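Listed after this line are the structures, all set down as structure tokens.
After this come two complexes, each holding chain A, first together with chain B and then together with chain C.
Right, the complex of A and B next:
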């Protein structure tokens, strides 16, 4: 079933600066999708349009086949966003307070809260930090708490807006691992990952590439990263393994995109 | 003439409930001409350390020697002192696009030379030279900095610093948030600046950038320098994960070929294949 649909959506600032031009696509429930594109291509704007933090200049958006507006309470209840800066979204005095904040806003019975908080902090491997204050946490840990706070609300859609770009490499890995876990969870939450990091694109089943205010590619990451010509046109550097295989093949090594890094090594040794 | 740090200590909010020790008795000497990265976890003291090198922060204890300047806890932040240091040491903030504030790109880049009482015509000449150096198209000079792309904004901010022809360049997370083009352009520019004689010290989480550009690495943790060595020696450490560092994928991949190729020459995939070919593969 379609969770979100955008029909002929445009966003134009000051009547002349076109940010998005006549975009149409839909996202099904439970899909894991990434959005990539150059700086200024409209990736984050698209995320804000979907969550209705801003309204389109033209076109219409649908949630479960119903048109939705900025004041739609159902959207606020169903959509969450993890922002770039981990310090900008920590509200509580402690980790558990932070997760409790959203639950209190939803008027969840206080008796039920500890169970929900523990369950979600367990999922993001932050249960041992329950009583910690935010200043004692790393960037990656803060982002994991933000994820726990969002998923505690039983959302239909969670958007990661360059959520790892300010983290150290270890923090980046931690968040990627949590995304892997969410993919396997039973609740079928739809995930949109807006990113510059091509390794994160490999966590998703579908990628949208924004270029020149339009969607220039909508398909499987694997098909995109194998297509050298297309990558050049879209100005994308592929993830490490794809770049390695492409270049090794050109240099005459009998390697394949389906090979693991270990088998690529073995083939080089041969 | 060099940058020497002796027993540098910095404590935030000293003698308050939230007192935090950010730098703890750091001593090191940078090479005469360096391209060095500072790496470590978020909160390890990297940016605090960097900000001591152009007088943005003053040590609580110890000293920072910048050629013929010495900054100690007694250092007086007089305008004359600061201007002399800022002229010698340029500082690009993280998300430096936020430091653009003039109406046009050209005015923004001219701001620093004018602030140094350089005549308007000369300031314009210096600004245009710097804008050319960072490869910003002439059609953008009269545009508002707000209309530039992310990569262009960062290069415009860098031009504002380069207009003063600094000897040392300090950069805080210079590639963070940049797309492929923005990042590649910046890397080319930094290499060009280094080759022209500018010494570069950068704080980064981008380990590909470190491998690709830098000669040395300062590894920090909890306000201390854990290691200060060449890039390869630091990346070979067994305990890197404890310091929030994940090695670049190409480094990790070609470690198994160490006995067969010279991995010290591998900065990217192209270098790796070249080394394989050189050794008969």
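Right, the complex of A and C next:
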């Protein structure tokens, strides 16, 4: 079933800067999607449009076939978003307060809060830091708290807007582990991962490439990364493994995209 | 971000002072500040009472595990202001002063003015210490709750009390972030050749703008980001929210209330009567001698 649908959506800033031009696509329930594109291509803008932090200049958005706007509180309750800067989304004074912030806004009974908070902090492995203040946490830990704070609100769609780009490799790994966990969870949350990191694209089943104010590619990441021509026109560097295999193939090695790195190594040694 | 001590930042200990209800602590801060501000008759009496207050404050600081040294260190940048205030008060002429201490090329400096400046400085330091005690033993969320609680009557005149409290709590939350940002920008500008330590005052002011402008820009973009993050989690200004923390007065709160307000009432009484404490003590001892 369609969760989100965009019909002929355009976004123009200051009446002249076209960021998105007449975009239409839809997202099914439970899909895991990544969005890539160069700096300033409008990825964040697209994310904010879907969650209705901003309104489109033209076009309409639908949630489960119902048109919605900024004022539709009931529908917007289904959306969450993790932003790039870990410090700017830590609202509470401590980890538990931060998770509670959203619950307080939703007028959840305070008696039910501790259970929800513990459950979500457990999910992101931050339960031992419950009483910690943000200045004692690493970037990766803060992002995990942000994830917990968002999913505590029973979302049907969660958008990661370059959530790992300010993190070190360890933090990146922590966050992508949580994404893996969310994929496996049984409530089938729809995930949109906006990223510059091609390895993260491999976590998803579908990738949208934003270029020239349009969606220039919409399909499986695997198909995109195997297609050298397309990668060149879209100006994308594929993940390490795909690059390696493509080059080895050209050099005449009998390797395949499905091989593991280890078997590729063995084949080179032969 | 390191975990360096930021002036007045909350310290997560579990002392009695930490446990006292935030609303009471705010009340104590106010009445103690009033007590610090009063004048108690003669210079000597006032100085004695200031001394007692200082001892009281030190005891509270000791209990709440605030280190005096760290405060002194983080007050580094205020020392100049202190010195300035001290000197101004010494040189300020006042007709009532009579006891000359020094004569600097015909300009008289009186003992009274020296004592007076000393007293003003002491008051300032005590008020800072009191504030530090409050902020380092109370979480910013609790503090904003306490403010909101006292401002509750303002709701009658449609003042947006809860929004105001949210603003306060966000400001308190952002102070350490902005301090960090300042050091970062300062280092960045220094590495480009900006010089913040030498040069005359005008030059320094100009170099200082090279910190202020980027700082303002980053603060604006931070606030926009925060607004998005809050909106996405369902925050709507002035809308009713529930509260995760439940605040209740405890027995310890009652005792602390009796103790602090008792002390303050006594001090207020002294201030009202304007005793000369030395004379009172002298009379008292002589009465005892007479009785003997």
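Methods note: the second predicted complex is superposed on the first by the 269 of 270 C-alpha atoms of A that agree within 3 Å, B and C clash if a C-alpha of one lies under 4 Å from a C-alpha of the other, contacts with A are read in each partner's own complex, and residues count from 1 in each chain.
As a working rule, a contact is a pair of C-beta atoms (placed from the backbone, for glycine too) under 8 Å apart; a residue touches a chain by one contact, two chains touch by 3 or more.
These figures come from a predicted structure and were not determined experimentally.
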Which holds for A:97: it touches chain B only (first), chain C only (second), both, or neither?
-> second
Of chain B and chain C, the partner touching more residues of chain A is C
* Based on the superposed arrangement, let me know which partner A:153 touches: chain B (first), chain C (second), both, or neither? => second
Inquiry  = Which partner chains sit in contact with A:119 here, chain B, chain C, both or neither? Use first/second/both/neither.
reply    = neither
- In the superposed arrangement, does A:105 touch chain B (first), chain C (second), both or neither? second
Message = In the overlaid three-chain picture, which partner chain does A:87 touch, first (chain B) or second (chain C), both, or neither?
response = second
The residues of chain C that touch chain A in their complex are 1-3, 6, 9-10, 12, 139-141, 169-170, 173, 176-177, 222, 225-226, 228-236, 239-246
Residue positions on chain B within touch of chain A in the complex are 40-43, 149-151, 176-182, 205, 207, 241, 244-246, 249-250, 253, 256-257, 269-270, 273, 276-277, 281
Counting only contacts in the complex, chain A reaches chain B at residues 37-40, 84, 138-140, 162, 165-173, 196, 235-237, 240, 243-244, 247-248, 251, 253, 261, 265, 268
In the complex, chain A touches chain C at residues 48, 51, 53, 73, 76-77, 79-81, 83, 85, 87-94, 96-97, 100-110, 113, 131, 133, 135-136, 146, 149-150, 153
